[in-house]
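In order of appearance the chains are A, B, C, D and E, and numbering begins at 1 in each one.
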């Protein structure tokens, strides 16, 4: 008897909302970005688990998570370059420092 | 493996060719001015070529992953036209304030455009996702293009973070959808989709991601900040092209994948439309910065666009495409004026516009037309698009929604008129001095103005769109 | 000549004159416009006389001995529906023919008289223009073939009255008086209109023809359509005709609508003579007379009310007239009293044969009153012209200075007092006879009024022409020019002679006519009462004595009330200013600005405020954005799935 | 019902590690430490993949994520002055809100997922999943049939190119300004 | 080409010409405007004559001079024009007010060119609305007419013009929000089985009749009738949606007040009649009482409010509320006479309120105050203006021989013909307004025209100049002409009404 797919989903959902929590509470941009990585990984787990345990005929979830990884990498790269840009302008990367535009 | 599938992707291929050509030209070309003309000329060719793609008709490639039909071709053409106008307005800015990154500007803009093509044509959530990301991640760098300004960096950071967040949320939805349906082809989902909680939750998570692109409330909060911080040309691009593509993609998804259970999504879409329009309007009321003002106005406009989605009929699709088409000229005209003024005088707040009519009557005139058209005042094109989209919603019996939307147009008219009032009625000690816009801006403004005035009267456009639209 | 050809002139010519003088008057010299107006009106007068005389002594008498009701012409002016049509037409029957004579005579005399009286006044042309308008309107009113035509001209006379009262428009009191006159009569007209609406709703006609057609002691069209219909327990017929009477009461200054007439004396005196003495003010009487069959057969209760209102008004006005010191006001109250007399006569009248005496008497009195009251006014005009004041205190002993005026005034006074051989005697006698037959209360009341009338008229007469001469300064009064006294004389002649005309043979409710003779049992007491009145007046006012003061001291309170016209004006003022303005208009205006408009402003305020309040929603913090985002997603999920 | 087979135990351990390190990632006060935790999370996830017989995916996960992204993070952290040592003081209210939101979301999602009840035929799944090889992966990635993904693959290349260009522009930006 | 299209084309041509003229050449602009205005007047006069001739010749079609060009095939939108007696009357009215408005605007010196451009746009909207037979184009023109008001008031107005302009625009737009929903409802729900969607008014009316014959559910009418009626009612200044009117009129420049009160407010009444009642007769029948109460309140309420105002324009604005209330009131009585009266009242009120506003504008231009407490005895100073004012006042209070009387009497008589007691009681209440009207008219006349001169500065003021005279005399002539010979107009209108009345 292998692990039911729900167990994977519990893990991924937990991870996802940990990521959400991190996004909402962390104070610097890099940490926020890391939270996003957690969320994306949670999604990957979902895909893979579904693929593996529910719909194993095709590699759809598998491929999807592959692309998620690729896109996440690109996204992270751009995000980090933007964060560094912010750092250069504001001299720190605290979320409070990107609070000029509002209302 | 039949790679001839690529052949039917006319738009995408020609755009890729343009992209490659631009990369090369940027690599070897030294003169930025010539490069700009080259880029625009190339893109113009691409745009014109786009109109020859009608004959493809309905076709799908890659075993149903990619689909094209006349309405897709049309939407892509509309996006092309919009992008072209954005380029025209960006010409001066590129030449004077963005000297070092001209090539990148074109390249990045066009790659996001390519992403939008994929979004629009996708029949599979993976392709859709890739398209969406292609349309948003490079956009973040475009937002950060204004190197002199802190706001630009801030806007970009906000944009990329919320974009990543929303794409994560969307992915979570898509993954659950996969789990529930077993396939991510729209056609398969259409068959497998049921009205179970999981399906609906997946749908909503996924919807949120697209809602972010269209900036529907409550997924809209990035909009104003990003619009304000980004270079004006990029803002224009974001507010029209990106939004229009996402809206059309959403409509396609809804029609193709979830048409069997319209009740499930129409219910929440109804509320989202109501709050989107209302919140957008309420915020726009307080704005003094023109770009920020237009950001909120575009949020409420997004709500109107969604009326076509909630209708979900061919009528709704046609009305929505038409709305986007008109909205493109209208909003770009407004941004054109704003960027013309910003380029010459660096003034951006509404108070700076006081007495503009006395010094720059033509610009004020265009701006006024744009405001009236946005407000849906006849005989300008905005009236027609608004009327049709309301008609589409009303056809499905959404009278209450239409009524609420119409009541909201009162608020929106109020702030549009404030702009008009500032330019025409208010007096100013030191109005923006008289200046001559560069020729490119002039051309752009003329195109937009003519379009705003006459498009509504040319009925074949709409009749053509309805003929090629599809729906539930 | 054919009447069909002539009759239009009666209406068209004055209208034309009004337009010509009104539009181009400012380019004419005053004199020319006066002559133009007068000449034109003399033609009208001749035509009127011609029409009336041919009618009375020729075509009017039908083979069966009754008087004809001829519609000379009648063209459709406005069509409301299949049945309801306003026509402008010309109805010739005994009373309209008689009115033609009254109006044309008095109006012509006033035209002539005004050339002298108004000489040198600013706005002379305007005056003549309005005079023409008035003549047009009044003529149109009396010849109306349907009740709506009457209403049209009714309104027109009202407005010309307004324009004439406000002739001295720079004088605030004149403006006030004009407004008052117009609004009060307008208020009454509203009832008239309502009456017309009700009547026409049921009968589906405006035409006097069917409305006065009597068959078997019923006005068929009215009794058939309205008989038995009630509203709030009252017969609809009664309501309708009572409302119509109220309209008449407004024009004819019946209590409680009488308040405008004394103030209307602010206008030029000849205008007062024409409008506020001889013609317009009797329109109400004429109206009731016109619809007499309906009143008599279908709403007799209303007729009784009319009689009592008339009786009360006549007494009431006579009492006030005794106390006034402005000579024109005295005349105005006298007019009210005399018109009320006519109303009484109508109210007590029967219908057939001799019983129709009241009706006849009313019309007769209308005629004679027009003549002698016009005489009185014109004479008063001469006096005012001479002393430049309306107040009795500024006059006295004028018989030496104004001989012709004096004679005319005296004759008219005798006529109004009802002294035999003068016209007033005859008509008043008939009225008293009719009243006697109907109700003793009214009879005694009217006899008392006759005495009071004699008293106050001679009080007036003595105060002006006898009494002690005040200090006229270096400005000795002198007789008026010929164009003023000749009209005076003409009217005096009418005053003397019109009593001998056999009215009863021509004018009666059933159109048949009847023989009449003087009823000495009624006449003698009334003459005696009149003589007593004259005697007291002579005693008190022939010379300056202390008797008036003593009398006043005796009945101080009553005098005070009467002198202040029983405070009716104040009551009106209270109602209009304190109640209508303060309690209705002001609150409504306040409500409009603060509640209705305030509500709209509130909406915008709320919108603005909300927009201000939710500003913090867009905090600029990217984490909050994400928070809202995920919260939005979750709440949509929760709401969609679990609700 | 034997849950406690060896592979299942490994799953539980991995799951626990993922959650634990996930929590550490978002709670540790030092950013560098958070990055390390993140690395462990990613590593464990790769372990999950391996456990599911998806070796290639696990490899990609390790190389791209653990090898690429985490390194990128570390570089960025080190590039930014003092960030590595900086400690965060989280605002209580904000944290409470975050926790509440996350818990709400968790509860809603889990309830929804559990209500659905996935029907899994583990034997069949195991059979099919056992025979994945590189050839099939390549076919899937480069094919044009249904459930084959050449188009996203090509599209992703554009995305990557654009991202590279974009990142460079943004990163370059500052230097040129300085000149 | 259809003669009706001229009403849109002529102003368009004028706009084009003026657009090309240099803004400094004011006299030339004014000349173009006058010529164009006269051309419009001539066209409408010619149309009237032709219309009457056609009717005389026995052409019994519901609408004449019809023309229909397919525009949006999808929605079956046509550019459909056509007139019946009612529209002809309204067109005539519009032409008169427009030409007089042009003359009154001669005194505009600031941004003349722009002023006239907006003015023309406004008149295009008005004309277009009256000639349209298609709900879509009708609505389009309706909105075209609304928006120029904002700038006309905001730029050339006086007083708290910005507030008023915004309020007016937003409230009217609010009305059009109601209206638009109503139009959609009519459009989608009026189709019988097997029929096709249409915006054409005639076809919709036929469809609705068919629906009734088929015994189909007509409950939709009960939702969309109130919406449509309120939508138009806002423009018709129906209580409690009238508050834009006092502020708006008070702030607007003279000619704009004229055009707005004189013609634009009539769009409301005309729309109620042509759209709401014509297309949804069942609901009109059953729900009329609600609006009778509201409009009945308007009639009396407006009059009472006018009594205590001190600003001339406010007085006239409230009086417009009262008079326009009467229009809607009469329409709701739903019989031929009352409805004819309503249209007559529109024409009459249009003319006399235009006259009023023209005169008030001229007086204000001279004395620089509109407060009646600060004026007095102007009759001596400017006799022509003041006499005209008196005439306008008399017309307003319903003096026979002037148009107001004809209209009011037709209304009262017609309305009183209603067989229901409830309605008749309301008519009686409505009648009281004629007294209150007299009160406030005379109050003004007595205060500012009569009496001694209040302010010695006013003694030196001049009387009307030529172009002002042309304007006011034209209006007075029209008022008097209708007042004296109303039959042709009344018959013409009644002919148009008949088609609608038979639906109830």
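In this text, a residue touches a chain if its C-beta (ideal position, glycine included) is under 8 Å from a C-beta of that chain, and two chains touch if they have at least 3 such contacts.
Note that this is a predicted model, so its numbers are computed, not measured.
S.K.: Give the fewest steps needed to get from chain D to chain E, where each step moves from one chain to a chain it touches.
M.R.: 2
S.K.: So which chains count as neighbours of both chain A and chain B?
M.R.: The shared contacts of chain A and chain B, listed by label, come to C, D.
S.K.: Starting at chain C, what is the smallest number of hops through touching chains needed to reach chain E?
M.R.: 1
S.K.: Just by CA atoms, which chain is the most central one?
M.R.: E
S.K.: Applying the document's contact definition, name the chain pair with more C-beta pairs in contact, B-D or A-C.
M.R.: Between the two chain pairs, B-D has more contacting C-beta pairs.
S.K.: Based on the averaged CA atom positions, which chain is farthest from chain C?
M.R.: D
S.K.: Compared with chain E, which chain's mean CA position is the farthest off?
M.R.: Looking at centroid distances, D is the chain farthest away.
S.K.: Counting only Cα atoms for the centres, state how far chain B is from chain E in Å.
M.R.: So the centre of chain B lies 42 Å away from the centre of chain E.
S.K.: Just give me the whole-number Å value for how far the CA centre of chain B lies from that of chain C.
M.R.: 77
S.K.: Hey, how far is the Cα centre of chain C from the one of chain D, in Å?
M.R.: About 102 Å, centre to centre.
S.K.: Rounded to the nearest whole Å, what is the centre-to-centre distance of chain A and chain D, using the mean of the C-alpha atoms as each centre?
M.R.: From the centre of chain A to the centre of chain D is 6 Å.
S.K.: Name the residues of chain C that each touch 2 or more other chains.
M.R.: Those would be 615, 618, 620, 622-623, 626-627, 630-631, 637, 641.
S.K.: Can you pull out the residues of chain B that are in contact with at least two other chains?
M.R.: In chain B, residues 126, 130, 133, 137-138, 140-141, 144, 156-158, 161, 165, 169, 176, 179, 183, 197, 201, 224-225, 286 touch at least two other chains, as defined above.
S.K.: Pull out every residue in chain E that's touching 2 or more other chains.
M.R.: Residues 170.
S.K.: So which chains actually touch one another? I want all the pairs, not just one.
M.R.: Pairs of chains that touch one another: A-B, A-C, A-D, B-C, B-D, B-E, C-D, C-E.
S.K.: Any idea which chain B residues touch chain E in the complex?
M.R.: Touching chain E: residues 315, 318, 372, 377-379, 383, 387-388, 390-391, 394-395, 399, 402-403, 406-407, 409-410, 413-414, 417, 420-421, 424-425, 459, 462-463, 466 of chain B.
S.K.: How about chain C: which of its residues touch chain E in the complex?
M.R.: 26, 76-81, 84, 86, 148, 151-153, 155-156, 159, 166, 169-172, 174-176, 178-179, 182-183, 186-187, 189-190, 193-194, 197-198, 200-201, 580-581, 584-586, 588-589, 592, 596-597, 599-600, 604
S.K.: Quick one: in the complex, what on chain C touches chain B?
M.R.: 607-608, 610-612, 614-615, 617-618, 620, 622, 624-626, 628-633, 636-637, 639-642
S.K.: Applying the document's contact rule, which stretches of chain C touch chain D when the two form their complex?
M.R.: The contact residues of chain C facing chain D are 623, 627, 630-631, 634, 637-638, 641.
S.K.: Applying the document's contact rule, which stretches of chain E touch chain C when the two form their complex?
M.R.: Going through chain E, the ones touching chain C are 167, 170-171, 239-240, 242-244, 246-247, 301, 304-305, 307-309, 318, 336-337, 377, 379-380, 383, 394, 397-401, 405-406, 409-410, 412-414, 416-417, 424, 427-428, 431-432, 434-435, 438-439, 442-443, 446, 449-452, 486-487, 490-491, 494.
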